[in-house]
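Two complexes follow with chain A in common, the first pairing it with chain B and the second with chain C.
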Partner chain A sequence: MKNKLKKSQIQMGESVAILFIFFILMIFGFVFYMNILKGSAKVEIEENIQLKAIGIAQKASFLPELQCSDENVRKEDCIDLLRLDAASNLIQQNHIYYFDIFEFSNIRVEKIWPPPTNTWQLYNNTPSNFSNRLSTFIPISLLNVTNDIPEYYFGTLIVEVYKR
Partner chain B sequence: MKITKRSQMEMMGLAIIVILVSITMLFAISFVVLRKPAEYKQEYTQTELASNILSTLLRTTASECNELSFTEIYQDCAKHYPFPSSELCEVGGSPQSTCHFLNQTTKEILNQTLGNWHIKYEFNAKIKSDPNPIVSTGSCPGVKKHKIYPIPVDPSGQKTVSITLDICS
Partner chain C sequence: MLKKKAMIEVHFNWIFILIAGAVIFVFFINIVNKQREFSDIRTSGTIATNLESILTGAQISTDTVNIIDLPKVNIGFECERYFIGPTPKQTKSNVIFAPNLLKGTQMISWALDWNMPYRITNFLYLTDPELRYIIVNKADRPGQLLFDELPEEVNKELIELGNIGNFIDKNNFKVKFIFFDSNDAGPLTKLTYMKDEDVTAIVIKDFTSSTIIPPTGTIEFYQKNGLVWQLTGTSYYLKKESMIGAIFAEDWDTFNCVMKKAFKKLNLVSKVYLERSETLETAYAGTNCAPPYSTAIINLENLRDSSEKQTGEFPTSSITMGAMQDYATNIGSSSGNANNLAQLYSCALIY
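Entry: the complex of A and B
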């Protein structure tokens, strides 16, 4: 009787030990799985911010408010300086409307050549604290139609997208 | 005796299965954990940059050269090359040849853009029949994104100046 009791006690102890090890293994597995999930989520977030930066840069470079046109035919990679002056005021006045398009970003146009260089601020919504910033430089022609002969300057559209 | 051998074989089979499953799991985990984010932006920037810079550069007008575009200035330079080209440009009150003007301004523009953005590049403007380039700056020995713009110099199209810009990867 005593022997039988001891044997069952040992078996109970074994079962408890097995359960304990099983739960430890389960916790290890869960922690490991969560780490994997975190890693892949980080990669996806990084890819998404890159795609978002490209999207915003594309939207900025094809903004109808800025594009040059000749008899209603759009010219590629060209910004009309008269429109640029008007649009920079318009965008600042309608900041909420343009937030849907450009979100947290800073968009400006720089005249590179001929000197002197000049900068036009188009949109600026820089968050107070951000973790990353992706800059895209798009070379673009700047058309000046105020002279007798229209002139094209060498400029750059700079789009900085912020990740909070 | 026979039974022991059979059980040993079964054990071996089980061990092999366990090893195979472990290796597969390790591969799967390493693919998920060590996966680097795809460089969408770099790819997009490199593809677009060379094309945009060349199209913008060739469209730019130079007030120093009677409001001619860079395409026309390259055509004029290539027409006379390697002999001194016509002095259509005027910089700082003194006349300057189109080739000399191109050499200076092209390098200046590329330096102010790609140079300032820390992007390595190689620019070449050369006539097909002539081994010496009209303008050459930078070097790109490795992998690169290549963009070429041919500009016809004469109406027959036999003489062509090729403008190439390589963005190093």
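Entry: the complex of A and C
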């Protein structure tokens, strides 16, 4: 009788051990799967941030407040200096409105050639703590219409987008 | 005694199997639930990213129609926010005219430039191929013109007022009628089973010709109330693009709210053009170029002030819309207006 009891105890122990190993394997598999998912989610988040950075750069370079036009026909990659002067003040005065468009970013225009160089700060909302910064440099021409003959300068639109 | 013990052992085995089975079962149910939640979040995220890209694209390129394939999920639209499932997102400063619910597996997006006369912003129209738009035309009204303006991808139909008795229900989840001058409640008898809020109409007033869409006008918004149309509000449009906005907007409230956003942008862009014109006027003082800039400044000031008022008070009156259109015309490129004169004297253009 003692032998039978021992046998059934061993049998029970075996069943518990099998279940234990089964669950251990399941947990291992689950953790492994979750790690893979986490990795792919991280990549996706990174892609989204890059997409957002490109989006903000596009919005900045196509802003109606800045873009050169000829009878309302848009000139791509061209910024009118008079509009730039007006818009840089306007954007600072309407910071909340433009936050919807540019979020946490720093946007400026640099005149590179001919010298002297000059910088216009268009929008600046740099967070105090940020984990990453994505910079986009867009070569542009700057149009000056205050002279009798319109002049084009060479410059860069710099868009820095911050990830908090 | 031995038999009794064996019986207990057998019972215990079954209880053990039952508990272990239940634990395994609960474990898998948990995994499935977690996965479902994760996949919902992922789907919402994908749609949100796609919509963000559409909104960005709409601000850049115009006159573009896109059909976007979507997973089977409801997208709700309001003036200030949109919902992907239960997750809300801000529409921010984007000018979007859309029905309050898109529930097909496809979405149609269409972007048009709003110029006053310089580029202000792009209007984005979103709709569902399952949503039916019926233009009810009558003699001397531009129904055909309006029908041709709307993209082919939109589920649109043109019915002559005389043939409205032949209207048939096609089991769409929303139906919108576009009438000229006055509405007709005839088709409502065939849509009695539909919810009142899913059958809406607009009546566009002030049209006098079949070949011209006037730049300003009055729009009345209606909603089905049993077998009659109930007026929900009267508003106004400024330029064809905003009239089209009234077709795609869910209701009077949403249309007005979206138009206020458009007027805010008009106000900001006008300020830029005003400052620019003032600088040019000073730079070219005493030359032939100065008068066009002076004309532009007066009209830009008027546009700035009226748009500021409309940002808070729209809809005010059709007279205000007419006046704003006049300011825009005065700045414009048609013969004798400011930009035209600037071009004529070889001066820097106003826009």
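Everything below uses one rule, namely that the second predicted complex is superposed on the first by the 164 of 164 C-alpha atoms of A that agree within 3 Å, B and C clash if a C-alpha of one lies under 4 Å from a C-alpha of the other, contacts with A are read in each partner's own complex, and residues count from 1 in each chain.
Basically, a contact is a pair of C-beta atoms (placed from the backbone, for glycine too) under 8 Å apart; a residue touches a chain by one contact, two chains touch by 3 or more.
None of these values were measured; they are calculated from a predicted model.
Q: Name the contact category of A:M26: first (chain B only), second (chain C only), both, or neither.
A: In the superposed model, A:M26 contacts chain C only, not chain B.
Q: Applying the document's definition of touch, where does A:T146 land relative to chain B and chain C: first, second, both, or neither?
A: After superposition on chain A, A:T146 lies in contact with chain C alone.
Q: Applying the document's definition of touch, where does A:L51 land relative to chain B and chain C: first, second, both, or neither?
A: both
Q: Is A:D100 in contact with chain B, with chain C, with both, or with neither (first, second, both, neither)?
A: The answer is second: A:D100 touches chain C but not chain B.
Q: What is the contact status of A:F130 with respect to chain B (first) and chain C (second): first, second, both, or neither?
A: neither
Q: Thinking of the overlay built on chain A, is A:I138 touched by chain B (first), by chain C (second), by both, or by neither?
A: After superposing on A, A:I138 lies in contact with chain B but is clear of chain C.
Q: Touch test for A:L90: chain B only (first), chain C only (second), both, or neither?
A: second
Q: Where on chain A do the contacts with chain B and the contacts with chain C coincide?
A: Touching chain B in the first complex and chain C in the second, residues 44, 51, 150 of chain A appear in both lists.
Q: Which of the residues in chain B end up touching chain A in this complex?
A: Those residues of chain B that touch chain A are 29, 32-33, 35-41, 44-45, 48-49, 52-53, 55-57, 59-64, 67, 69, 105, 108-109, 112-113, 117.
Q: Which residues, counting only chain C, touch chain A once they are in their complex?
A: On the chain C side, the touching residues are 2, 9, 16, 20, 24, 27, 31, 38, 45, 49, 52-53, 56, 59-60, 90, 92-93, 115, 117-121, 264, 268-269, 271-273, 275-276, 279-280, 283, 333, 339, 343, 348-349, 351.
Q: Which chain A residues qualify as touching chain C in the complex?
A: Residues in contact with chain C: 1, 8, 12, 15, 19, 22-23, 26, 30, 37, 44, 48, 51-52, 55, 58-59, 62, 64-65, 67, 69-72, 74, 80, 82-83, 85-87, 89-90, 94, 97, 100-101, 145-146, 150.
Q: Contact residues on chain A for chain B in the complex?
A: 35-36, 39-40, 43-44, 46-47, 50-51, 53-54, 76-78, 112-114, 134, 136-141, 149-156
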